[in-house]
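Chain nomenclature is as follows: A, B, C, D, E, F, G and H, assigned in order of appearance, with residue numbering initiated at 1 for each chain independently.
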Amino acid sequence: MNSLELLKLLESVQAGKLTPAKAIERLKHLPFEDLDFAKVDHHRTLRQGFAEVIFGKGKTPEQIAKIVRAMLAKKDSRHNILITRTDAKTFSAVKRVAGKESRLAKFHALSGVITIERSKEISGKGTILVVSAGTSDIPVAEEAVLTARMMGNSVEQLYDVGVAGIHRLLEHRSELTEARVIICVAGMEGALPSVVGGLVGIPVIAVPTSTGYGASFGGVAALLGMLNSCASNVTVVNIDNGFGAACVASCINRL
Amino acid sequence: MNSLELLKLLESVQAGKLTPAKAIERLKHLPFEDLDFAKVDHHRTLRQGFAEVIFGKGKTPEQIAKIVRAMLAKKDSRHNILITRTDAKTFSAVKRVAGKESRLAKFHALSGVITIERSKEISGKGTILVVSAGTSDIPVAEEAVLTARMMGNSVEQLYDVGVAGIHRLLEHRSELTEARVIICVAGMEGALPSVVGGLVGIPVIAVPTSTGYGASFGGVAALLGMLNSCASNVTVVNIDNGFGAACVASCINRL
Amino acid sequence: MNSLELLKLLESVQAGKLTPAKAIERLKHLPFEDLDFAKVDHHRTLRQGFAEVIFGKGKTPEQIAKIVRAMLAKKDSRHNILITRTDAKTFSAVKRVAGKESRLAKFHALSGVITIERSKEISGKGTILVVSAGTSDIPVAEEAVLTARMMGNSVEQLYDVGVAGIHRLLEHRSELTEARVIICVAGMEGALPSVVGGLVGIPVIAVPTSTGYGASFGGVAALLGMLNSCASNVTVVNIDNGFGAACVASCINRL
Amino acid sequence: MNSLELLKLLESVQAGKLTPAKAIERLKHLPFEDLDFAKVDHHRTLRQGFAEVIFGKGKTPEQIAKIVRAMLAKKDSRHNILITRTDAKTFSAVKRVAGKESRLAKFHALSGVITIERSKEISGKGTILVVSAGTSDIPVAEEAVLTARMMGNSVEQLYDVGVAGIHRLLEHRSELTEARVIICVAGMEGALPSVVGGLVGIPVIAVPTSTGYGASFGGVAALLGMLNSCASNVTVVNIDNGFGAACVASCINRL
Amino acid sequence: MNSLELLKLLESVQAGKLTPAKAIERLKHLPFEDLDFAKVDHHRTLRQGFAEVIFGKGKTPEQIAKIVRAMLAKKDSRHNILITRTDAKTFSAVKRVAGKESRLAKFHALSGVITIERSKEISGKGTILVVSAGTSDIPVAEEAVLTARMMGNSVEQLYDVGVAGIHRLLEHRSELTEARVIICVAGMEGALPSVVGGLVGIPVIAVPTSTGYGASFGGVAALLGMLNSCASNVTVVNIDNGFGAACVASCINRL
Amino acid sequence: MNSLELLKLLESVQAGKLTPAKAIERLKHLPFEDLDFAKVDHHRTLRQGFAEVIFGKGKTPEQIAKIVRAMLAKKDSRHNILITRTDAKTFSAVKRVAGKESRLAKFHALSGVITIERSKEISGKGTILVVSAGTSDIPVAEEAVLTARMMGNSVEQLYDVGVAGIHRLLEHRSELTEARVIICVAGMEGALPSVVGGLVGIPVIAVPTSTGYGASFGGVAALLGMLNSCASNVTVVNIDNGFGAACVASCINRL
Amino acid sequence: MNSLELLKLLESVQAGKLTPAKAIERLKHLPFEDLDFAKVDHHRTLRQGFAEVIFGKGKTPEQIAKIVRAMLAKKDSRHNILITRTDAKTFSAVKRVAGKESRLAKFHALSGVITIERSKEISGKGTILVVSAGTSDIPVAEEAVLTARMMGNSVEQLYDVGVAGIHRLLEHRSELTEARVIICVAGMEGALPSVVGGLVGIPVIAVPTSTGYGASFGGVAALLGMLNSCASNVTVVNIDNGFGAACVASCINRL
Amino acid sequence: MNSLELLKLLESVQAGKLTPAKAIERLKHLPFEDLDFAKVDHHRTLRQGFAEVIFGKGKTPEQIAKIVRAMLAKKDSRHNILITRTDAKTFSAVKRVAGKESRLAKFHALSGVITIERSKEISGKGTILVVSAGTSDIPVAEEAVLTARMMGNSVEQLYDVGVAGIHRLLEHRSELTEARVIICVAGMEGALPSVVGGLVGIPVIAVPTSTGYGASFGGVAALLGMLNSCASNVTVVNIDNGFGAACVASCINRL
């Protein structure tokens, strides 16, 4: 509609009803979003190839189901759909609204993630390797794995390679060096990214987890450890933010 | 220059060289700031009547003098000039560049503020009252007083009325109720804004100071006290931010 | 009764039974609130036009119902009644005691607020605009909206305009500039007030929310972000304190 | 028994079987508690007249009932019994074991305290006044009141006198000045002890409460406020520690 | 002057020029401090017998000397004068203005305290014992000792009795039990007050010091230790606040 | 399989098909874990004689039972099995899979530990003494006791010897001096290790517990107290980490 | 030497003096670093093309000069040399040892960086854009710019585009979208990366700076803001770590 | 003297002047330290073989020199003397008083330690290995090395083996496994003890250092990392406490 308004203005100029100088004045008072901004978002989607994402926490099963239905209703999109931090009850609600695509829907109980994988196209250039330290870091690691996969990446995983048993990590040196981006998930002292970062020359996205007790302070110890990493190819995302790490890794992997 | 570019585009439309539809296309690719955004800043200045402000911390005397010279060189502006968090050495440098306006320049040693008061016009509607608790809160209070004054407000001050001698504060009830906005500066336990807030029905801007020692943690105790104020007309700015409190108070006082 | 006591004392003076000097002595030992203080509170209510407010947290449905009944029993008051941080169960209890005014009672589930809107009179001079960043900030925003409305203000709202999609905010520039006071509700990094503050010349009350996870530390990240805002017209209230922000905004809007 | 052992040793000396020098040697190897230490505790009880106290948190009803039974079984003691941080279920268990003293047992639901008041003797010299700020501070205040009473003090209380309505506090100036020790309970910004401390010349024991939300951080804001009090007769105990405040006040009141 | 004003009002009543009812009206508009409040402060001084105190930190030698001169100029006062957190340079300035009383002035370098002891009268009822843990706690302990002495107390001291050499403390059990109030100064883990509190039945004022390094966090470790003391007769003042501890102890010692 | 690969390489050398120099080249590209690393872990187990340990938190009863069955299935091992941070439900599941060894399985409800003590062999050289302060520290102390015992140590325990009743600790001086390593468990102010450390000349492993409330901050106060211990033979493990303390103590006791 | 040892072993196999099986046994006891590890570091350098870097903080001018001389002495390397966190005095020392390359040495006073740019070869694939918020963030931004340049990247910079003047940032939308990686440097509330991240589809490395005062807590406010960014393509490095951000950006830019 | 007093008492018993029963009474009132406690300290020194230690921080050169002179004056002691956290000026003062032993005095500038090594006797049973991560950790490591040596231990050191270059550590596996106790010094993320702890079966004493910047928070990041170590043979001492780590290691090494 705003383009319409602009069109009229320009037609007035064309018709000589409005001088260019006056048109400039009036243009300045048009809300600028009418010109150009809707496009921004569109471009962004094109560029990132992001899956459609719903952050489930704090939303009811009904709310989520409704959003999913709307997403599936878009005719021209075959984007994968990813719902994070959700539960089995929501999965049932999603299945009910998913129609014939309900068979593509899967619930991953460990990480509380629902995926509707409508496209298996790989658009990332290399492999994203998700490395995690202890068994209790696996839910966050799985969130990262699923997110990266839904966003069109080839993903490998390497679990239970904590630094107190350094040889288990070293046994997998080849996987480390074959990856294009590494996501490194660790709780407790958060030392794994430093060791991994020292073994490779590629970017390492560190995810602290809230694993641990006492002075782990819900992941703060790991977070600080990672921010102070002595390896210079390590960056950090928020505690338990497997999703965010995968977004960044996916960004990098498309470059 | 961009307006020029736009003018040319519109003249092409006027001249029939460019259809309105194509003009829209090209308009979308113009950087939008060319249309409208410079105005934003301009409007803002008009609306706020803000003095010209230099945050002195981290700038050399020479850098500050240079900025002042540029400000004074603007022909059509008689804005007051305010330099916060600075020192006597900078004051000398400022005096040297200030030319005939150097006699208006003053250095306020307690708060480390330099003022060049070129206009005494009062644009705020009522009085801003700056209340402070202890003698060591005075530097921050003075920064607030000078800032509010430079921004065109009538300012009163009420010092040394800490809550442990509540009668000193109560003796000044009339000043409190006659103000339009109150800035309340306090360190240590930061209790003053709660008491003041309870005595009046106008907005109270609380400024925690880094006054105190030990568990005052450089003003954190006062900050938390103020954020948790049981008086519902209290808002808070950053520790020692007398300048910020005066900006907000000035905003309110123009409404 | 105390006025009575004072009256007697003065009558003794009048009757010559007590010298003025002795009367002074005795006056000094009267509790001073007998003279003047009850008035304070009264004045304050007049000046602020505050709705009657009950902070529901930690009170049983029965306790709240009892307070409401007492409020409604006051013959000469048509104040709106506002109950914050409460629930549906309390709403039933309130309905039961509200008599013929029960049809005015409403429960707002999202924010846990009960309103009994007995007067629609607008006493605030302009519009209070409540802006919020993400969907999970809405409960706090709604508490602010309802509080401001109950206190006699015209209120507008603008939701879901987070800084990572800056164009959505910019599309609403006109609403921003038309408001008289802005309440800005945001969790996570708490960046919205800085951007909003930079776009307008009016006071912005920032409310950090406990939205987020990990290193958001229950709203501390947003709180710190807001306290350190680079926009100088921003002040801050406590985490999740939508009510307090609306009180301050209402104070300002009456000036 | 140890005294016995010592007696034997001394009898050996008396009997000439052991030289004094050798006795010294052997004395040095006796565990010294045999000589003197049991007395310490005894003395302490005599001196303090402490009620018998059970910290209920983390103990089962059965464990508490068992301890109470043992206390009541002591023939020569008429000490009051105080159980803090407990619940109604424990109260039933205590009643069952209390025999004929069960009619003295009372459960105070607000503070979760059980009292068995076997003696009404007042051993404190003056009155302990418990002052509290908001309604949600009352549970902690009540714990203080009951503890002080069980320890043989005359106790008065003054509730709901927060600093944002300073006149309510000032109306009670006479109660404040008539007390011998004041316990001051407050959450949120913890400003009450500063104001109270400034009005009196007696010791003020400040108790921060975990009342509040957001940046009150479970009582930390109030705690810091109190530690930084600008009144010099204020000391502080742990958050929510009404019991501890009453112990100290009772200590002082016996001096 | 205000009493004068009041006197006139009452004389008008006496003279029949003003009815008692009208007098009440006019009384309500008198600033109430005119009636009664100056007395408050006066009473407080009488009751507390406090020495005159100057908090030296943040004041120049000249400012302090000026205040001292004013104090000495008061004809009818023989109060001791105490200046805390000051230095040798200030001491010289004070000596210069002290006239014939300059021989009473002493500088205590360890604690940075200046005393002008004009009266040796003891008004406290018992002995205040200042106990400290390590050699680096002595400055704070000395501040407490001097403050308590200037306020008219008999003071004893017991230094270097840290808990890691528990026998050194136990050797002085008699001093502990003979005191009326104990001030307990300790840095590092702040454990001393718990042990001392367990050995006596009198109030123990704990002063954390900023002694230590690393995870002592400038006294926070000691502060937390003391707040969590398992001895129930311990209260706490701010870090390094020897002055405050002595004020409270002095308050108690006058009871 | 890798050994196989290596064998082939060496056979090629032996057969003269590969020169030693070329073999070195190829060896460098073999993943080194193929050579040697599995052994590392094996050595470590031999050296430490550690029991088999399962950290129960976050694992389902079924998962734990499955791990236990696998452990019991190892023919040549008679290691004790220790499951920490678990519950009665898991104990039932473990019993079901334990077969004839189920009679050795015990559930320790206080600490939530399951033990299957298959060997009573003592391999530690001296006694590990576990000392604890309050009754609420006992669960953590018990975890330490059971862990140390399962790892083949002679263990003694000394409970309820908090520093506020120092004589109770001193009565047990002989137990303290007879131990080879001491584990010291304490919450609240965490002062016990300092006192114990001062009484002995052996290593003291301090375990802070999350016992307490308010400013104990879930064990942080105790943790800081212990880190700042003035006794120089004290080291610290994480909050509530009775298991870790026993591991270290066991390490030391084997030296 | 170890290769020698290995060679002998293999020669023994070749000579038939050692069976392959026995050789395996002996190989297992060789320290594995003899085989392969030196190579690791070498590979890493090759892969990363990192400049030679010296972290200057805590090193004397002499120490740094010595390291530089050693670097320059390596015949076959033309690596750039980068010294961070250093000063003018060190620069003189470096110049003295740099011989004919001293003319390539430059000191960047703002960021305290010394560069010796021996190669201008660009190995990064795209442009790294360094965006910063305020003038006081420039030192950190410059450290990032210089590091990225020394590591062979094409670098652009965009300064003074804080979020409170959002239009200044929006004016440079094209630079943002043309970059391959963005480094975003901001202090205070750290909001810039969220806004920038929302405008682009490429990775954004956020660097919090210690700019600000009061509740900025030396960069903690900015750090938390960035960790909680609502833009999903943002990762974070340590406070003031311009160097680290550039390392990661360089890593990414080589992919 | 007290023994004398006791002797007299016993002689009175022997002489029949005092009955054993009365003697017991009188014994109870003797300060118990007279019996036994001096011995405690003596025993402790014997048992620990500790060097004489002076904590230099906060002491003047003169004070330290005086203490050293007193130590050297003890005829029957050949203990080593260790002064930590001191400087070159103090060293001169110490040399002056050391007489003929001055040639044994050495100043270690890196760690600010003075040693007077009067005895080279080795009383520790094995080797203490001090491992450190970065070059800036060396001062703390050196303090540990010198302390351990002065206390009669054989000490080895292994510097610059940070976890980001894991192979440098692994190259020294044999040193690690040959030690009896390991002290592990690391700043930044504090990950080294976890890796080291996983490679050995002996106790690892972790020392966090205040190395680093930004979110290292003066060693807190490293401290938390170490407390949360996933290796179960790691304990922790205070930040920068190389001395304390060596004391504990020495304790263990004597077992």
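Everything below uses one rule, namely that contacts are C-beta pairs under 8 Å (C-beta built on N, C-alpha and C of every residue); 3 or more make two chains touch, one makes a residue touch a chain.
Here the structure is a predicted model, which is why all the values come from computation and not from measurement.
The minimal number of chain-to-chain contact steps leading from subunit A to subunit H is 1.
Using the contact threshold fixed earlier, the set of chains in contact with both subunit F and subunit H is A, D, E, G.
Ranked by how far their CA centres sit from the centre of subunit H, the chains are topped by C. Of all residue numbers that take part in the contact between subunit B and subunit D, over half occur on both sides, making this a same-residue interface.
Centroid distances from subunit E, each centroid being the mean of CA atoms, peak for A.
Counting C-beta pairs in contact across A-G and across F-G shows that the higher total falls to A-G.
The distance from the centre of subunit B to the centre of subunit H, each centre being the mean of the chain's C-alpha atoms, comes to 55 Å. Separating the CA-averaged centres of subunit D and subunit E is a span of 26 Å. Distance between chain centres (mean CA atoms), subunit D to subunit H: 40 Å. Touching of two or more other chains is recorded for residues 32, 40, 165, 170, 199, 214-216, 220, 223, 227-228, 232, 238-239 of subunit E. Going by the touch rule set out above, the chain pairs that meet are A-B, A-C, A-F, A-G, A-H, B-C, B-D, B-E, B-G, C-D, C-E, C-G, D-E, D-F, D-H, E-F, E-H, F-G, F-H, G-H.
Residue ranges of subunit H in contact with subunit F, taken from their complex: 40, 43-44, 47-48, 125-126, 180-181, 199-203, 205, 223, 227-228, 232-239, 243-245, 247-248, 251-252, 255.
Those residues of subunit C that touch subunit G in the shared complex are 133-134, 162-166, 170, 187-191, 194-195, 197-199, 212, 214-217, 220-222, 224-232.
On the side of subunit G, the complex with subunit F involves touching residues 3, 6-7, 10-11, 13-14, 16, 19-21, 23-24, 27-30, 32, 35-36, 39. For subunit G in complex with subunit H, the touching residues are 31-33, 37-38, 40-41, 57-59, 208, 210, 218-220, 223, 238-241. Put simply, subunit C touches subunit A in their complex at residues 135-136, 165, 167, 170-171, 173-174, 213-216.
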